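Sending over a structure as structure tokens; questions will come in a sec.
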């Protein structure tokens, strides 16, 4: 695991794009399947996916076994959700609805032990594999990605990015669209919507922070990659499965 | 499902009373059983019932299959609990301990997408059945019932009801009794207790908001129905089962 | 626990009737609820109840905690199902569809260590509470009830009862009715059906073996108790709950 | 549900082909997703899928809610597995490795109540929706599909088909290939392999029994449909998801 | 259960030390095993242990059956986590990261019904065993232990202890060490670290509140017991198991 | 994983002893903990451990991640249990109560695809990691260990070993003791008991088949290793944990 996780940080440090898979199905075997599919990282979505703690506690070892860094999107910006995901072995978290520097501070501090934050000691699963696991190592390794996905958040994006400890900003285009008065859309076309996304990207670039985004299809992955996003999430397992079944039925005729 | 859910709103709009079943047992089959028993709606009680997220994620499809609208009483007034219940397919939530307009705003906003609230987009289960599922539809359909169950809440009931987006107020007579200095009671007899309940009912009537209440037995359902409550919950599956076993043993002698 | 279990054998040895609760819902809390309801024993129905091994492994401690002897009706007359139930702490098993002496031997031998049977050693849960737990004790304590529930089984009932190690015979009236060409019925009225039941009862009395039967209601418990049945099972939690909900809705009107 | 199930039998009686989805992931939400995808029926694969009884007990209500007939492929030709699947609400079973008339009799008898078989009475979930649920109805409705998937089975196919109560024969091309000395293949090309499949198809046609087959891709569905197969299973959710992820990564480049 | 729980309070009132076991493994059987091992109380660690609500809901009956008082360390100082643990039958909670009187008030009030707090009525499991279960009894019985485990918390320890309703203060030496700038350590040796611990102990003694601490080994239990700690927790099941396996492999050579 | 598994076969081919851990607790995290403890292989005990299929399906990825070959002791000599364990990714099985060549044939054939056996094709988890996974590879890799643990089995041990496809014979000393008329014992001292064990060992040596045995403590591991056993299982996680807790309490005093 360590190798792959270091690889991810290395890729980001070399400003290389990375592609992530997305688990919404609460199952170890579907997670493991995505884990071996070739993604650079995989998210377990405990926000909108139907995933509770017992689920992610068995999905994480499956993803580790697949040799891919596993992030958990926590249900909300809550210390307990963030810390439990990390104790269960997530290499990092994606924290939704970070709309202000205060929100960002809450998220980053939950990811880091003192003096950088207030994470509580008890790294039950990570320490199985690293007897020398220590606060400093953990603070270096754990990835904290915050979601900027409202108009308010974009307005404060520079202040948010100024909060120490943010490794990446992950844009949620659907929530951002709704917050801007549009329909949620996998394929942003509204100029205002696009401008909001670009604002986030520019702010990230200016600070050397990885910019990420949820992409509704392969074309969007390519497009945002070309623009400079380095953390590109593909549609969820449920979307892929649903589309594949529909396509198959069309192919059968 | 749509039909039955619309039927519930229709009944309420016609000022018709509705009866709800109550699931405290964390099991899909006991939920499905209550779902087909003839209730107008069924609650999965994730507050005092022994129900966690993994449980409700499998109880909700069972209740859908039974063709009955399913509400989730969330453990506490927390956005993550409310949003996860809705993403998993609950037609609405009952939010406990709403004691102030601020509490009410927190609850209603978690139930609705912008601009009416801050619900985050990702309606995983509802969108399986409605490819056109959109924020506006969701905002119209989702039922937000807030619990008024303390002396403080009753004192602020008018201000609470003034918060936009409350579909129903659900009275918790036991908590209200304790908060007023009495023993929790399924059958309110203390004048002060009764007066508190009446105060809520009147406030709801004045605003055209559905009033609901937990009823300890059939007689209380009839009584509160006659008084004007339109959302009448019967005792939980655990109470029914416990009473049925006791009665059976008495009948055997 | 020991006390209550001994009490059950004592009651049977004094030819006293005993009443049993029936768990079809796969849940520790509904099991525990029935466990404290006042029954002399409780069955976890892993045959027709929606109960798998993971379920019964958590229902058994709940029933132990309630202080009531717990039997498991296994899905079928299979050694693995019988032995796993006993290792998980069931005080005994009810084995369905025992239609011949060979079937009976298969069942009783799976319940007992050599030389009385072929149960394999590994009493994981029972030995938590009895460090002196030994094959001889186990062989004495474990209850093996076999179901006689087909016309063929009744025809062979004397040979079945002659198999050593049968503690009780449990009649399944519904399967017996179907096997005799009638509809499954909670309340046997067909003379042929009744005669089959009486045949089993007489054979049990002749050998001093406890006779048991599933009873569709309190009246049938009283009737079969008067006839001499000593192991009287009431309807399942699902039946009780379903009837209670229906009655409640009728009472509400 | 009844409508859709009748529709399936109707389609078969009109000699119309039907397409089935395949669940190997142990999850209610992925099952429900396939349930709404447009298939005529869906299989929960408890043989090679990672599905245990607790899993299928929550996947079945999800599939019912999706309005699609649900079959369970049981792990092996065992009465307990067949009967528990039916009690949990499966509309039918697919029984693997039916290699002889004796095997077929074991399978069909486990699906039917006396006098047609030896299924034991306790239809816990089906009777929730049909208070008149009776042995005769159940015997008519339950679908028993047996797998012919070895050289020996093909050699005995006429004797197997002569066993009363077989609704469909389902060919497992991979096992059949291995048993004939070939590699397991989603796309049979070996003449001997093809001939074995054709032999089964002809035997089914001669007896008016539905022939089914697992198809590795859309082209094979079309091909076998043209040949006269009427029960055409598509690749499992795991296959679809794996292929979709691989294709997506190729599309991204 | 009642007997043992009273015994715990009695021991504390007699100023007797008590030893507690620690469950981090999410399993009813390992909890039950620790429950019978001879500890005075056992904690289910839902903070750093891999334990979610569904897990603790089945671990609690197992611990009750073992006859030992069960505490739950909740994931965070949140009312929903505290109240759900108590409704599921925990005899008390250990609340992490109580750093101020405000934190302490939040914790203690969530443990007690009005007028002492804001716990909501619905004691589903406790009331199974005590039909007279009432707010006053519950308020007396429930144990609220708060964790003092940061430098800030120690600085405010007198104010924290002044909050009514604290039964015990539980020191987390690892978090305290990190907060003081040291490595987390099972065996505090840094004078500053030791002084912080002593400060808490003295404050507890001054107020007659039980002092507790997590102890990394038997020697530390003896040491802290001699110093006056009365709530001494041993290493978790995971630590014990890990050490035992390592020792065994060393013994084998 | 492949590396470690090959290492196990290599060790056996070099006649080197190997030590195995034993999981009776149904939990992915306790399995993973044993997986990293340094054993050469780990068994998930689905016979006497409280482990069902859903449990082992999540324990296997955890053990894979720990990098240790995982065997499953199946509940009984049944094809469905054996095949499901292998499809879920077990590197092999330990089959209890193999008392005759017929039993041995049933076990070995369930482990191997035709023409060597009758395993059915569907290696869901193994094929995630090996797209070239094929019957011949699987037949070579899968480990089939049969338990010789009765007097009858020892009497037939030569005939049992003559059955092709047995990789190892695993002695169950407790069952063997009971079958020989003794108490189950972790430390065989009865000459008759010891002689039975030696008979198995000699027969294995004569055929070049690995001999294995369950060892009650480190001393017995050394003793049996010196005698020539090459598959040495230590006490279960439950035993280790129970002993560790007892020792700790003694050390505390």
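The chains carry the letters A, B, C, D, E and F, assigned in the order they are written, with residues numbered from 1 in each.
To be clear about the criterion, a contact is a pair of C-beta atoms (placed from the backbone, for glycine too) under 8 Å apart; a residue touches a chain by one contact, two chains touch by 3 or more.
If you're wondering where the values come from, they're calculated on a predicted model, not measured in any experiment.
Participant: Indicate the lowest number of steps between subunit E and subunit F, counting one step per move to a touching chain.
Facilitator: 1
Participant: Using C-alpha centroids, which chain lies at the maximum separation from subunit A?
Facilitator: C
Participant: With residue numbering as the guide, point to the option in A-D, E-F or D-F that repeats B-E in over half of the contact pairs.
Facilitator: Checking each pair in A-D, E-F or D-F, only one repeats B-E, namely D-F.
Participant: Decide which interface, C-E or A-B, involves more C-beta pairs in contact, and give its chain pair.
Facilitator: Of A-B and C-E, it is A-B that has more C-beta pairs in contact.
Participant: Approximately how many whole Å separate the CA-defined centres of subunit B and subunit F?
Facilitator: Each chain's C-alpha centroid was found; their separation is 52 Å.
Participant: Starting from the mean Cα coordinates of subunit C and subunit D, work out the distance between those two points in Å.
Facilitator: Centres of subunit C and subunit D (C-alpha means) sit 34 Å apart.
Participant: Centre to centre, by mean C-alpha position, how many angstrom separate subunit A and subunit F?
Facilitator: Those two chain centres are 41 Å apart.
Participant: Could you say which residues in subunit F touch two or more other chains, in rising order?
Facilitator: 24, 26, 29, 33, 50, 52-54, 57, 78, 124-125, 238
Participant: How do the chains pair up in terms of touching? List each pair.
Facilitator: Pairwise, the chains that meet the contact rule are A-B, A-D, A-E, A-F, B-C, B-D, B-E, C-D, C-E, C-F, D-F, E-F.
Participant: Which part of subunit E faces subunit F closely enough to touch in the complex?
Facilitator: Against subunit F, subunit E makes touches at 19, 21, 24-27, 29-30, 33-34, 37-39, 50, 218-219, 221-222, 225, 234-235, 237-238, 240-246, 248-249, 251-253.
Participant: What does subunit A use to touch subunit B in their complex?
Facilitator: Result: residues 24, 26, 45, 47-50, 52-55, 75-76, 78, 81, 96-97, 149-150, 172, 174-175, 178-179, 181, 183-184, 238 of subunit A touch subunit B.
Participant: Contact residues on subunit F for subunit A in the complex?
Facilitator: 1, 28-29, 32-33, 36, 57-58, 61-62, 64-66, 124-125, 128-129
Participant: What does subunit A use to touch subunit E in their complex?
Facilitator: 52-54, 57, 78-80, 83-84, 87-88, 113-115, 118, 120-125, 134-135
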